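Pasting a structure here, questions to come.
Chain lettering (A, B, C and D) follows the sequence in which the chains are written, and residue indices restart at 1 in each chain.
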Amino acid sequence: MSFCQAQLTRCKPLWDRMLEHRFLRDTRDGTIPDERFAVWMRQDYLFVEAAIPFIAALIPRAPRRHWEPLAGVITALEKELKLFEERAQAVGVDLRGAPPAFANHAYIQFLMATAARASYAEAYTVLYAAEKAYHDSWKVVQAGIARDSKWYPFVENWAGDAFAGYVAYLEGELDALAAEAGEVERTRMAEYFELTTKYEIAFWEMAATGEGWPGT
Amino acid sequence: MSFCQAQLTRCKPLWDRMLEHRFLRDTRDGTIPDERFAVWMRQDYLFVEAAIPFIAALIPRAPRRHWEPLAGVITALEKELKLFEERAQAVGVDLRGAPPAFANHAYIQFLMATAARASYAEAYTVLYAAEKAYHDSWKVVQAGIARDSKWYPFVENWAGDAFAGYVAYLEGELDALAAEAGEVERTRMAEYFELTTKYEIAFWEMAATGEGWPGT
Amino acid sequence: MSFCQAQLTRCKPLWDRMLEHRFLRDTRDGTIPDERFAVWMRQDYLFVEAAIPFIAALIPRAPRRHWEPLAGVITALEKELKLFEERAQAVGVDLRGAPPAFANHAYIQFLMATAARASYAEAYTVLYAAEKAYHDSWKVVQAGIARDSKWYPFVENWAGDAFAGYVAYLEGELDALAAEAGEVERTRMAEYFELTTKYEIAFWEMAATGEGWPGT
Amino acid sequence: MSFCQAQLTRCKPLWDRMLEHRFLRDTRDGTIPDERFAVWMRQDYLFVEAAIPFIAALIPRAPRRHWEPLAGVITALEKELKLFEERAQAVGVDLRGAPPAFANHAYIQFLMATAARASYAEAYTVLYAAEKAYHDSWKVVQAGIARDSKWYPFVENWAGDAFAGYVAYLEGELDALAAEAGEVERTRMAEYFELTTKYEIAFWEMAATGEGWPGT
């Protein structure tokens, strides 16, 4: 089995917990309150922005063949920010001003710390897991959401074919990196896959509860 | 007013919330259940260990006069680990095996991401804030805990004179860094001070609740 | 006087030595042997390629307003590589296969070490100095080279208006960074300006002599 | 054959060129002019100092078992600096004030860039190669230098048993890292070994010629 398939199989209980999250279910069913969705929008806008320096930090450690694709990811993230801004304007949400919630701040630190400290293959595992998680999560939403929902453009973005192709590309590259890694590094890659899944779940949980920082 | 005093004044509500945390109060009053304290021990052991690469990562960005003191901090952290191991053995707690809780993992990521990405003066702000927080927090415990408490060696370590002197040294150095920084950087330093305080509170909250990862 | 103008004034003897380098003069006068120019092409091709991870490494430390411009520099560098490939093909030079000469390898290490270790304003000083050096150097060549020279496309690239505008933008931004820096950081920025000029001269010297690695 | 032995065998021509360098031969034979040796002292003092942040930068990427040994290397480097200061005072050499020569500056950039960008096993290869080079080089000097030479304390430091033990430890650890690395990484490790040897030769060459920066 390929490395990625092995991780998805091994972490299936966690992955399913993510896909069954009430935030996704309520968005799919059209029962999510607007203010709840707006919390997610504001937080994910900050997260997408923060992903840009994460991708940039990968380039100096990446094999030459990955430089242009990674620069392309930065361009795609800038486009995603525009999508948030367009949606926010269309539905009257103010994107700016909200500070990152704890789980969001933590996830961003995890990205940057990983880029600084982990091996390239380990950091690439985090990139793949995060993008795969988003693709699969929005596929869940896509299965039921009304085509005329005001949130549909998000569904289109992450559940659509272009994003599916990008995730498939990442999967192929990560499998190749895993194949050329030694056993010790491959074990750490698997840990990073699981960790990323846990941060993804924490992010949905934060979106669903609107929770800020513990104890404050 | 010096930079550090200005931060402690500005963030006093947050700082007080930290110092009044029930984990500290219960430890001071001797009412904390052993298993609750053991949760903290296991998590803080992981945190102290993780502080070593944080300190090491500061050295390449530090002014020459800070290299030996920072190398000394690494030695001090290694000694702190021994203190945990000695206490764990004395009271029959198994330190190993517990994975980092969410707030702990997040705080560690924050340290490493800051070392990688922030300016040196910003990263040094995090170091000062974290050490000052520990000193002040254990001073709270010191004010009431019994001298023969099995947790007293921790009190002695962080509330004692040697640690007080170290924190005073950090404060002097941070004030000097702040004095030579421009206004933009000083504003970011202030944000890092506040952020570190919020991570400290999240850590005590985690210790008090034993909470793992959100949504899992 | 602005920071950049102050550096150009202070380092004028070094800067003039660079602009008067025989490699530039011989290229301007059309007396440079093809094989000598080919040495430069092969080495500078490697250098331009290596500048991509340098720029990427700046992004995580850059203020938000610099992210898109820096991503744009990566795109511009990819285009420069195509220019080298097009010229190499047109004149029958084999770009690949030559390992980096000592001065080239060293300069690349200087870029990456600076991105990792210096403050953002210091690293941005290196970016400005290197781009300004190239613009001014190729202006020297432009003053005399025949319009139908096979090397003219390089002249057009670095001495042209678009690149001039880019260098002017960098100068404005660097002046702004210098204005908001403290005195200590500004002094280090000045040192980085001078160091970059010395690496530039070492690069032209290597191109002119074809020298590889000392003592081997 | 172990990884390290394979590199020493593969790079034997380069390694021999290093060991046969006239700087080592003249120091061994006692024919080196004092001012020539003083050039080396000033430059190597700067290099040893610069190795401290290199070692520190390795710790965040190192496996846990390497943290204390690497912190120990920092302590050993601080002691080496004291040796330089003691010798300089004894023979009336002024260590401070000389800026790093080109080859020295370049080598330092190579260390820091490698720590930032290469994998841990690759960076550890540079550490081993540099320390092994110093041990073997000073063994050459040891074979002939008079015991009462004023430079003998340097010989004792790097050619002695303690340093031999340290180099043997590094060799064992690097062999272990190589054994657990994949083929692609191991190939890059071999390139780093060769590169380090070339920087070592460039350093001796600089010491022997007193050469500053090319073209200035």
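Simple rule for what comes next: a residue touches a chain if its C-beta (ideal position, glycine included) is under 8 Å from a C-beta of that chain, and two chains touch if they have at least 3 such contacts.
None of these values were measured; they are calculated from a predicted model.
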Inset, instruction - Could you tell me which chains make contact with chain A and chain C both? - result: B, D
Inset, instruction - Could you compare the number of C-beta pairs in contact for B-C with that for C-D and name the larger? - result: C-D
Legend entry - Per Cα centroids, the chain farthest from chain A: D
Legend entry - Copy pair chain B, chain D: interface residue numbering same or different (half cut): same
Legend entry - Euclidean distance of C-alpha centroids - chain C vs chain D, Å: 30
Inset, instruction - Could you tell me the distance, in whole angstrom, between the mean C-alpha positions of chain B and chain D? - result: 37
Inset, instruction - Could you give the separation in Å between the centres of chain B and chain C, each centre being the mean of its C-alpha atoms? - result: 44
Legend entry - Contacts with two or more other chains, residues of chain B listed in rising order: 53, 57, 60, 112, 115-117
Legend entry - Overall pattern in which the protein chains touch one another (line/ring/star/complete/other): complete
Legend entry - Complex contact set, residues of chain B against chain A: 14, 17, 21, 53, 57, 102-103, 105-106, 108-117, 195, 198, 201-202, 204-206, 213-216
Legend entry - Partner chain C, residues of chain A touching it in the complex: 49, 52-54, 56-60, 62, 64, 67-68, 70-71, 74-75, 78, 112, 115
Inset, instruction - Would you tell me which residues of chain D are touching chain A in their complex? - result: 60-61, 116-117, 119-120, 180-185
